[in-house]
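These notes concern the structure reproduced below.
In this document, chain identifiers A, B and C correspond to the written order of the chains, with residue numbering beginning at 1 in each.
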Amino acid sequence: MQLNKYTNNWYKPGSKIKILSWMVFSCIFFESKLPWPSFIKISILKMFGSKVGNSVVIKPGVKIKYPWFFEVGCNSWIGENVWIDNLTTISVGENCCVSQGAYLLTGNHDYKSNLFDLIIKPVVLENCSWVGAQATVCPGVTIGEGAILSVGSVATQDLKCSGIYQGNPAIFKKSRIYRKKTQ
Amino acid sequence: MQLNKYTNNWYKPGSKIKILSWMVFSCIFFESKLPWPSFIKISILKMFGSKVGNSVVIKPGVKIKYPWFFEVGCNSWIGENVWIDNLTTISVGENCCVSQGAYLLTGNHDYKSNLFDLIIKPVVLENCSWVGAQATVCPGVTIGEGAILSVGSVATQDLKCSGIYQGNPAIFKKSRIYRKKTQ
Amino acid sequence: MQLNKYTNNWYKPGSKIKILSWMVFSCIFFESKLPWPSFIKISILKMFGSKVGNSVVIKPGVKIKYPWFFEVGCNSWIGENVWIDNLTTISVGENCCVSQGAYLLTGNHDYKSNLFDLIIKPVVLENCSWVGAQATVCPGVTIGEGAILSVGSVATQDLKCSGIYQGNPAIFKKSRIYRKKTQ
């Protein structure tokens, strides 16, 4: 590969003014350790084009690349120090938990090409899924409804609905079964 | 799971004033990159209720959730950017090394319950144990005396005394044997 | 192990004034989130003794322990939040990609010794190699020419040229083969 020949000119994530404005808001309200209430952060996200459902919780230290490529449904939680590295759409469903230190990744490179071309693929977290602390979700991966990616694991492929996955690469371990009578 | 029904009202980690005060001290003296001497940091930790032995070393960038749930014995080291995420007691023994970027975790959720109840379990590092750089220790885990969790590994179960463990989940690789005549 | 007997007095990475000066520059220009242009960062690195080739790209949030132990060849990229923990030489070749959140490690301890002696070993990334996002390279490891360490993996041993490795410890998965006619 010859990185001097690399170009991602085709990739236009947004105007410079929008990106720079977001960087300022991100530093003050998102990446900082200050415990701003979630409703302030959600207003800012919406202002920058995110689709955000009701009752979303966003903890401090969260890093979102481009909020206009971010969607999150009702009641979902984005934990402390989560890194949403969304060069393209990252869509988090309803009632999802993205635990502290998790990393969601959308950018890859074509390592078979001498030009190391940028490849971007969306990430989808379906409803009621849980990405564990320090876990990583790779580009193009869908975390199925109710699926769990356990602590520190790396999802390189889709996780089936209600599956519990572990390891790097994360493999299926068992099914998630709800207890009866959980109120 | 329905996160709008989630409640952790039973969990009372401390008064708001104590938690806010700690956040200020943590930002200035612990999470910052400034190389404050360990004795200052230890005095602050004790002021907030930590039990700290003699000659403990605490590097910059360390993040401790609630110092009143933190114990560390004589001569132990807490490395750069270590994250002590102690919703309940994390107890580090004597002569332990917690290397840079390690993450000690005490909070979990009951994924079999529709309510996703918070579960907290203490973490114990017994004397002379070593948690390697970027490694993760899960809730409820005890790292046995002299055991080693290698770089980037994830301890999901107890590590036996003097065992060396690796991977995610970390599995036993070999025993730690001290050389004779090491003075 | 008895950490009160630990000494690394033999280890002299540089004068205190040099180390402190670097800490200031590092905070302002490297570890900060501010998008300083790469040429400013490269000038600073050279001022502190790094060997830096042409057209190197250094993203924000990069943490370099001691720049005088750092070499990087033409066209290489150092991604966001990369941690170059170089107690001794870390040498990155030409046309290399060190992706965001990667961690390059040079320090270890002799766990068979009661004194827990510091062990430092250089890390080498040969030309056209790629260390994936959130991946870790252990002390003494050489990443062979064109080799790839995949996302979140931990290289504990040398990677062969053009090999693709994954897991913790990272194991060989397949060979990297360039497509024909990639211009």
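Definition applied: a residue touches a chain if its C-beta (ideal position, glycine included) is under 8 Å from a C-beta of that chain, and two chains touch if they have at least 3 such contacts.
Source: prediction; values computed, not measured.
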item: Pairwise touch network: line, ring, star, complete, or other; value: complete
item: For chain B placed onto chain C, the superposition rotation in degrees, Cα atoms, nearest 5; value: 120
item: Chain A and chain B: spacing of chain centres that average the CA atoms, whole Å; value: 26
item: Residues within chain B bordering two or more other chains; value: 167-168
item: Chain B-touching residues of chain A, taken from the complex the two chains share; value: 33, 35, 55, 74-77, 95, 97, 100-101, 128, 130, 133-134, 146, 148, 150-153, 164, 166-168, 176-179, 182-183
item: Residues of chain B touching chain A in the complex; value: 1-4, 23, 27, 31, 83, 85, 103, 105, 109, 111-116, 136, 138, 154, 156, 167-169
